[in-house]
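We just call them A, B, C and D in the order they show up, numbering each chain from 1.
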Amino acid sequence: MSSTQSCEIQIRVRYAECDPMGYLHHAKYFEYFEMGRTELLRQNGHAYRDMEATGTLFVVARAECKYHKPIRYDDVITLVTEQVRVTRARIDHHYEILRNGIRLCQAATTLACVDRNGSLQPIPDSLFTSHPGSNYRS
Amino acid sequence: MSSTQSCEIQIRVRYAECDPMGYLHHAKYFEYFEMGRTELLRQNGHAYRDMEATGTLFVVARAECKYHKPIRYDDVITLVTEQVRVTRARIDHHYEILRNGIRLCQAATTLACVDRNGSLQPIPDSLFTSHPGSNYRS
Amino acid sequence: MSSTQSCEIQIRVRYAECDPMGYLHHAKYFEYFEMGRTELLRQNGHAYRDMEATGTLFVVARAECKYHKPIRYDDVITLVTEQVRVTRARIDHHYEILRNGIRLCQAATTLACVDRNGSLQPIPDSLFTSHPGSNYRS
Amino acid sequence: MSSTQSCEIQIRVRYAECDPMGYLHHAKYFEYFEMGRTELLRQNGHAYRDMEATGTLFVVARAECKYHKPIRYDDVITLVTEQVRVTRARIDHHYEILRNGIRLCQAATTLACVDRNGSLQPIPDSLFTSHPGSNYRS
């Protein structure tokens, strides 16, 4: 079963997110990637907020980013989030940030699904199928 | 009943907390004040983590800060946190940040106590009395 | 001379901005207010990024917020930023955050203008006049 | 030439750093690693603040973290930072976070050295040798 899905969001970089070098701080990128995942879920008919409320929580098991070019305050960047693999145990995403068609970073995360007590649980079925009307690509 | 209590903590300013001007970002001060409150509680025998676990949560109802002089990356500052008033409905704290005896800011917050559903509840009795051995000043 | 100006922006609350209570952390509000100021400047033909590059920097001299109702992860809130007073020495802004027409907080800041060395300088003339096409209200 | 060096710091997790799950947010770990690097430099006689002031800036070219067990508000964790490789072009660090002897995460970063304009420059000689009295291990 294919699970390739992707979404694109625009983000304007905030002053408070930039460091004394004037660059978007490297830790902040991971908050952006989380925003990308939230929007990708939404696009497929899921609200992560509701999932958490019903006891389906995702934790980041692994995260990696390669920083190619700096990002600055007030830049409007494009974040491309792609769900590249879903198994019963984990979800893998890839990310790219672009500005004017130039790739500024590449990243990847692996999520695991846990219950409210932090115990691993299988990824819910609903994440294997997409919502009617989503831009799911098989 | 007096409830004046104070504590002093040292904080080294992190790179990620500073903005493109090279200054500690003005929003971050409020995280420092929260650290001061946590340590003041601890000094009086309370762990805020345990209070939350048992359903006693504090929310900030009002916060104010006057910024006198900038604070920079790697500065070691002294935060003085003082509990200036406790009623059944609220707790008021004052704060000062100093470096080398020079006052860099002055601030104040008002907390209210809520339960897990966010409903206001009276401040617990235990916060009106201090722990033996604390530096409670009557 | 009147300097009343206002702008409205929508912000979706990020997961990383919320605390263990599930609420937008009270310090984060001040980052939102800064975003409001940036957009208000832009609406009047100024890019704060360019102002900083040419040596006109604004520092927050005072900030205050009254928190009326909590804001949660994934909420889409409306931030209203209003420039209420400009003198040679300072700029005052007021802020409100609303959701579904309900006011969630009220806040105020005072900015001062400094040069690259942190020395106070007069607010530039250009901030006293507004850009053609802005929604400047006299 | 060997450049293995390590340092250990204790960090108490702040409330504002934790997310609605009650865990230290995964992006925040990278701020901790940066603190580790700053202290490792200091231990070897360097202040990163002074290096930046003289035009030697480090940027993160790559960062990765494997999250084994969650970290919670008010936990006191131990961060072990190790400089594992220095070449003319880059510095590699490894990191571990422990609590009560249990490893909670493992991470790695690669830094590059740039000048004030963001152009790559060779890693300064002084980072290849250690300060007398440091716990440099050859």
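The criterion applied here is as follows: a contact is a pair of C-beta atoms (placed from the backbone, for glycine too) under 8 Å apart; a residue touches a chain by one contact, two chains touch by 3 or more.
Note that the structure is predicted; figures quoted are calculated from it, not measured.
Of all chains, the one whose CA centroid is most distant from that of subunit D is C.
Two chain pairs, B-C and A-C, are compared here, and B-C has more C-beta pairs in contact (counted per touch definition above). Each chain gets a centre from the mean of its Cα atoms; for subunit B and subunit C, those two points are 25 Å apart.
Remark: subunit C and subunit D have CA centroids separated by 34 Å (rounded to whole angstrom).
Our note on geometry: subunit A versus subunit C, Cα centroid distance of 28 Å, whole angstroms.
Multi-chain contact residues of subunit B (touching two or more other chains) are listed as 15-16, 20-21, 25, 27, 31, 34, 73. Of all residues in subunit D, those touching subunit C in their complex are 15-16, 18-22, 25, 27, 73.
Against subunit B, the residues of subunit D that register as touching in their complex are 14-16, 31, 34-35, 38, 47-49, 72-74. Residue ranges on subunit C touching subunit B, taken from their complex, read 20-21, 23, 25-31, 34, 52, 57, 59-67, 70, 118.
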